Each structure stands twice: as structure tokens, then as C-alpha cells.
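Naming follows writing order (A, B, C and D), and every chain is counted from residue 1.
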Amino acid sequence: MSGTEMPRLSKQNNQGGGADVHSTLARLLAEAGRDFYRRGWVLGTSGNFSAVASSEPLLLAITASGADKGALLPGDFLEIDANGEVTRGAGRPSDETRLHLAVVRLRGAGSVMHTHSVWSTLLSEAFAEKGQLCIEGFEMLKGLAGVRTHEHCESLPVIENSQDMKALARALEEALEKHPDSHGVLLRRHGLYTWGRDLSEARRHVEILEFLLEVIGRTHHANGQLATLAT
Amino acid sequence: MSGTEMPRLSKQNNQGGGADVHSTLARLLAEAGRDFYRRGWVLGTSGNFSAVASSEPLLLAITASGADKGALLPGDFLEIDANGEVTRGAGRPSDETRLHLAVVRLRGAGSVMHTHSVWSTLLSEAFAEKGQLCIEGFEMLKGLAGVRTHEHCESLPVIENSQDMKALARALEEALEKHPDSHGVLLRRHGLYTWGRDLSEARRHVEILEFLLEVIGRTHHANGQLATLAT
Amino acid sequence: MSGTEMPRLSKQNNQGGGADVHSTLARLLAEAGRDFYRRGWVLGTSGNFSAVASSEPLLLAITASGADKGALLPGDFLEIDANGEVTRGAGRPSDETRLHLAVVRLRGAGSVMHTHSVWSTLLSEAFAEKGQLCIEGFEMLKGLAGVRTHEHCESLPVIENSQDMKALARALEEALEKHPDSHGVLLRRHGLYTWGRDLSEARRHVEILEFLLEVIGRTHHANGQLATLAT
Amino acid sequence: MSGTEMPRLSKQNNQGGGADVHSTLARLLAEAGRDFYRRGWVLGTSGNFSAVASSEPLLLAITASGADKGALLPGDFLEIDANGEVTRGAGRPSDETRLHLAVVRLRGAGSVMHTHSVWSTLLSEAFAEKGQLCIEGFEMLKGLAGVRTHEHCESLPVIENSQDMKALARALEEALEKHPDSHGVLLRRHGLYTWGRDLSEARRHVEILEFLLEVIGRTHHANGQLATLAT
């Protein structure tokens, strides 16, 4: 179910196949979202998920804005095109649609996932000044696509949060270009973006990066390196 | 299912509609309660939940006193009127009924939810002297009704706990009046009250505030700013 | 289903009623055990649970030794008498049977529950020298039987662990006599014993005490008051 | 279902019995894996599990490489022989097959389980220089096979991680020989290997060691003894 296989399917049978592909992706994205919700990574209406249903023309299944992540159903996903226009389903796509499209375009991703966990929120703040967070030496890194050894150094850029979605998408694009090998990006006091060749790889990347962020976060914590965040 | 829509339903069909509305609200409140229990936010018999079934006259579905939150069923909810008198179901309403009625009256809430989590308990103590806890700069804040930017500053008042329910309701009313923009109130060493226009918004507010309290709590923790609470 | 009601049932219909009462208690104890397992409070084969099926003569449903807590089934419970002899079911009763019988005798408990959580293990060590742990000022305390206000001071005695079950039962009896108002006892680096008039009260006490131990444990943690436990 | 009973079964009925034994073990291993995943101990594609289906000749049910642990199904398990060659099922066995075979050979294990938890990752780093982690005085230790008292001292060797599987298996063998009484081995910044006479004992050992590692990890944490792991 990779991004490169999907287009062939939807070209062969543009109407039926497209609907089938969309509903399959929507079902799998909804399953992933409900699991992340159970783990506390997308509480409230936070987080959003997408997967490429066709690459030529580009069609993306993506969470509708404001969907309840704990009860996520296939019907909570829209299909949009490369301009973010809705081509299937009713509702408004996620506000962060531009960010998903940027990742698909620059990384050739087949699926993009965004989570808001406690540890990604804390660490995006702790490493904001440095601009990136480097994780090295963990066996778990081998679960990231293309990584063959725990000696790999994974650098996650941290970008400033913004409500100007155009500006935020631009900042994300710059981070992706500056860190061509990164498997994820942190948004300050906001959360994690990661992606994969296909939906199952993207989901694996969420789990691996969230795990490593918890490991890193707990050591920072133990050393009093987390600045107090309330007044 | 907002508080402003419900009355119309129950006026049209006062007997049947009222029972239907009550049983729908009871089912949804029970689902929310079981999920909060699973997360450890309403262990024991702690916590209570309500939703407005009719606003003219005011009728509220509310947890019966002493209901087991892990096995919460629609039958564990009573219907009460504006004076807290039971109008449907058997049993005694939650001891904190006055607090629910105060929030409905002063905030026009369609649903009120009260949880006892580890982090809300710890932070209600840590910020008791200051009288409030300010949370600012988190994307997650955008999930609160009416908040459009992470730059929002959410101020949660902290009030002293009391077993005098009249006095506690008065203290809550004062806090609500003094903090007209707050989406929640902390009771010292007790827990969180939050609410929403309707049940689904109230539930979202619980998740968002509990998430943010965990983030804040962990930074306090990391900095040794939690006073020892046992002797 | 309190300890004082049960005997009447089993006297009326000693054969059939006894089996029914036993199987009902076994089912409810198994449900409680599976939930505690899910929360990580009885991992491995740790923990054991009992409930009084008859008080005259005393008959107790209790976990068989070595039962897997995650897959606890009614068949994992035996019935024993006041001497710990098996009167129903096959297998050996829990090694800690004497402790259950001591609590039933001295507190008139209808159900006894024993859990091994991370926080009870840590705090039983941190407060071992002092011999007790006092918890005061939390609303959650009101969930303990007979407690009417958060101003209640709950004192949990801490006793030394031992593999001599006779000696351990004697130490538990002394602690129960010295602390007539306590709702639980901690065994050093071992876990929590609590109980209730009936099974549902005992289960509630587990949840409340485990919650409060986590709150207390986290403040100790934040203040570096937990001694390092590995070499 | 111990390693010593299985061979008899598979000799009696080599074709049918072998398939039955394999599918039973695969089902039970899949259940264990899904539970560990739920607890966050085998996120991503981390972790792998095996059980002896026959000891003469040696046949092992083992996770296929890259299986998704959250959706682990019996079909995700292969059967391999003493040389690691696949004798049943399609796919490549886990990269760490040599480590499983080493444990089976040197400990006579009927089942081997490998998890990647946050606490085992942190502590394998914290105790890497010392080369071992000693846990003593906890009642929970009694759940380890052959341990009769909480006064037992469990020594878990820590070995350096490597991508050279031959070298890693050799290091593991040395650790097993040097620590003949240990019930588990930590791989630095990687995770835990444990085992048991049969599948249910191995699963119990995972739960007990992960519990104790969390207890130990939290005290280290509280004392700022966890080195910062990110740059």
C-alpha cells in the first residue's frame, strides 16, 4: 500500500478504485488514530493524519477539521487534491493540510502523521533554541526507514509554531530541505510530524519517535533540564 | 446536542422526547466516564458528570452519588431540576450537584465534567497559594472553545476545597465571575471542573486540560517544585 | 454482597447457594484482578484477592497460588475455611492466605485485596524506617469507608517483609491492632493490603489508595526523596 | 507446554502434531506480543519472541522479521531449526534469531522473549559501565523461576549492542556463562532478553523484570542518576 503503488490502482479504475482506495486508507488511518488516542498522543481534537490515494493526479485522504480522535471513523476523512481542494466527502480539511502536502511533495511520502504527545511537547520546547534534537545510539532507531545501525544519528529539526499556515508550511519546507535525512520534525510546544513511504511505515515512525522522545524526555527530566512551563 | 438546542426538543415532546434526551445524554456521559476511568482520571467513586437535557425548565442528567465510574451505565444517571430535586430515576444525585448547577447557570454550559487526576491534584496544591495557574503558548490550547491561537493565556483559578457544599458552590461562583474567560477551575487537592456548550465540547475540554496539566506537572516535577505531600 | 449478608444466604441453601455465591464472588474477583493487571498493579503472578462467601462457618473464595493475573478466570479461585483448608476447587491457596484470614478476622472484612504496584513498592521502602505513611487533605480520601472529609488523616502502617508467613501474619495483626482506623497496610518492597465490607468496597479502596500513593510518590520523586534501589 | 514436554508430542505425530504445536505456540506468542505492545514494550517493529516446538530435532516458532507487534497474528511466526533455517512458513526469521538459539541452547529455555521498554533502555545505559545491574530485596523477585525469597539478588548482565549478530550472540553466550543464575540480560540502549522453561514462564519473567526495572529506573530518575541522552 505504498504511495508508488496506489496511483496505478486509481488509474486503472478511476471511479470505483478511487473510492475503494480512499475507504481503505480512511479505515487504516482511523485505526491508527484511535490507537494513538488510546496512548494519549492525540487527545482532544489534536493531531491529523493523511495518506496518498493517487500520485498522478495527487489525491490525499486526510482528517476533516475538528474530528474527535477517540472515535475516528472512515467517514471523518476527506479526499483532497494538490491544492487542498476537497474532491470527496463533506467538511473542511484539517487546518494543517498545507503541511501534509509539503511533506508529500518534498519527501515523496505516502502517508503523513502528526501527533501531540506530552514528551514531544516538552522536548520541542527544551530544544527550541538549539533548533534541533539529535538522537543517537539506540537500537530502536533501526525501525526508521533506511537506518541499518543503532549508531545512526537522527536529527529532528524544531521549528517555531505559528497560526499563519502559509508561513508554517514554508518553515517546514525549509527544515525538510536543511535536514534531508530527518524522519520527523518537531513544532515548538505543538507536536511531531513524521511520515513514511506508506501508511504502515508512517505509523511505525510515530511509535519509534514517540518512544525515543519519551526516553530522551525522561533523562532531561531526571536532570532538571526541563524549564518550568507555567506561571 | 448543545444546551441551547435541547430545550426545543423537550418542549416539542415533553414526555417521550424528555426520556429519549435523558437516555441519550446518560449513554454518552457513561461512555465518557468509562474512558476517563480507563485513563485513571476518576478512580474509586471520584468524579461526576452532567449534561443539560432541557433549559426551560432546566433539567440536568447527572451521576448518582457513589456510582462506580469504571462500570458506569446509563442507569447511573438521574435527572434533576434547577433546585437539585430528582425528577427522573432513583437515588441521590452527586454531592457536588450545586457546583454543576452553578457552572450551568453562570457559564451557560450544556455539560459539566469533574475529574480527579494525579496531575490536577498535584498542581492544584502547587498553585493554591498563588490562586491560579496560567498556561500559555501551547498549540493544544486551540482545542478550547473560542481560542484561535497558541498565544492564548489560559488562567485556571484554584479554590480551597470544602465539605460545605453551599460554601464551595459560592467560592466556585466567585472564581467563575472573577475569571470570565477560564475554561476550567481547580479545587485544591481535589480535582478539575470543566464544561462546554455541549457534552462533546466538555469532554474535549477535559482531555485538553488534563493533557496540559500533565505537561505543566512534569516540568514542575523536573524542577523539584512539587512540595512533599506525605508525612 | 457484604460479609454480613452472605452467611444468611449460605445457611438457607448450603449446597446450591454456596456454589452460586462462590462462583459469583470468583467471577467478580477475577474481573477486578484483570483490571488491576491491565493497570500494572499485579504483574507476573503477584497479588491475590479474596472474598467471604460465608461467615458462619467462615468460607473464603481466594486466588489459587500462581494464577496468571492477566487471564484470571473464576476457576482460578478456591474456597477455603477458617484454617486455610481447601473446601472447594483444586490447587493450593495463595501463600499469603494467613494474611487474608487475619484481615477478615480483625477487621470483619468481606473482601481482601493485595496489589504490587510501582508506587506502593517505592513508598513502602521510603517510609519503612518511619513505620507508617500519613496521607491527609485529599478529597479522594472521602472514598474510603467512613471518611466524611478530606481533612481525614489516613495512616498506613509499613511492616517488614518476610517469607515466614506465620511471622508476617503476626506482624500484620499487630499493625492492624495498633492502627485500628487504617484502611490499608504496606509490606516493605512488597505491596499493599487493603479490604472492605464487601468486594466492591475493597476494589474501591485499592483504586483510591493506589491513586494517593502515586500522588505522594510523585512528590517524593520530584524532591529526590527516593533512595536509589539498585547497585 | 514446557520445552521438555513438547518433543514427545512432536515425535508421536510428527506432521499433524508439529503443525498443531506450531500454531498453538504462534497463537500464544502473538497474544503475548500484542499485550506487550499495548504496554509500550515493543513499539514499532521492535521485540521478538520464540518458543520451542520440538527439542529433538530442535524446532523453534519465532517472529518473522519486521512483523507489526500491535497486530501480531499466528501467521507472523515461522518455524526454524537449530541452524536458523526456515522449516515452516514464509518470510525471513528475526535478525536476532542467533540470540534466541543461544539462549535455548545455554539455558535449556522453552521460550525466549525480547522487549524494548523505556526503562530497560534507560537502565541498560546507566549500568553499562558497571556491566551489570543487581536487584535485591523485592517480593516481586519471587516470581522468577527457582527464587524462593525476596532476599534473592538478581544480577542482570549488560552487554554492548552490536549489529554484528555473530559477535552479539557470542557476547550474549559469554554473559550467560558468566552469570549462570541470571534470568535476563540487558543489551545497551537496546532492551531486555529473558526466557523461561515454557512460554508462560517467559512471559511472567518479562512482566516481573519490566516491573522491577521501572521501580529501579524511577529511583535513579529521582536522584538525577540518568545521564542526559540527547544533544
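Some observations on this one:
Throughout what follows, a residue touches a chain if its C-beta (ideal position, glycine included) is under 8 Å from a C-beta of that chain, and two chains touch if they have at least 3 such contacts.
Source: prediction; values computed, not measured.
Least-squares overlay of CA atoms from chain C onto chain D yields a rotation of 90° to the nearest 5. Farthest from chain C in terms of Cα centroid separation is A. Annotation: 32 Å between the Cα-based centres of chain A and chain D. If you average the CA atoms of chain A and of chain C, the two centres end up 45 Å from each other.
Residues of chain C found to touch two or more other chains are 220-222, 224-225.
In terms of inter-chain touching, the protein chains here make up one closed cycle, each touching precisely two others. Contact annotation for chain pairs lists A-B, A-D, B-C, C-D, with touch applied as defined. Those residues of chain C whose C-beta lies close enough to touch chain B in the complex are 35, 39, 123, 127, 133-140, 143, 148-151, 200, 204-205, 207-208, 210-211, 214-216, 218-225. Put simply, chain C touches chain D in their complex at residues 40, 43-46, 68, 70, 116, 118, 121-122, 161, 163, 187, 189-191, 220-222, 224-231.
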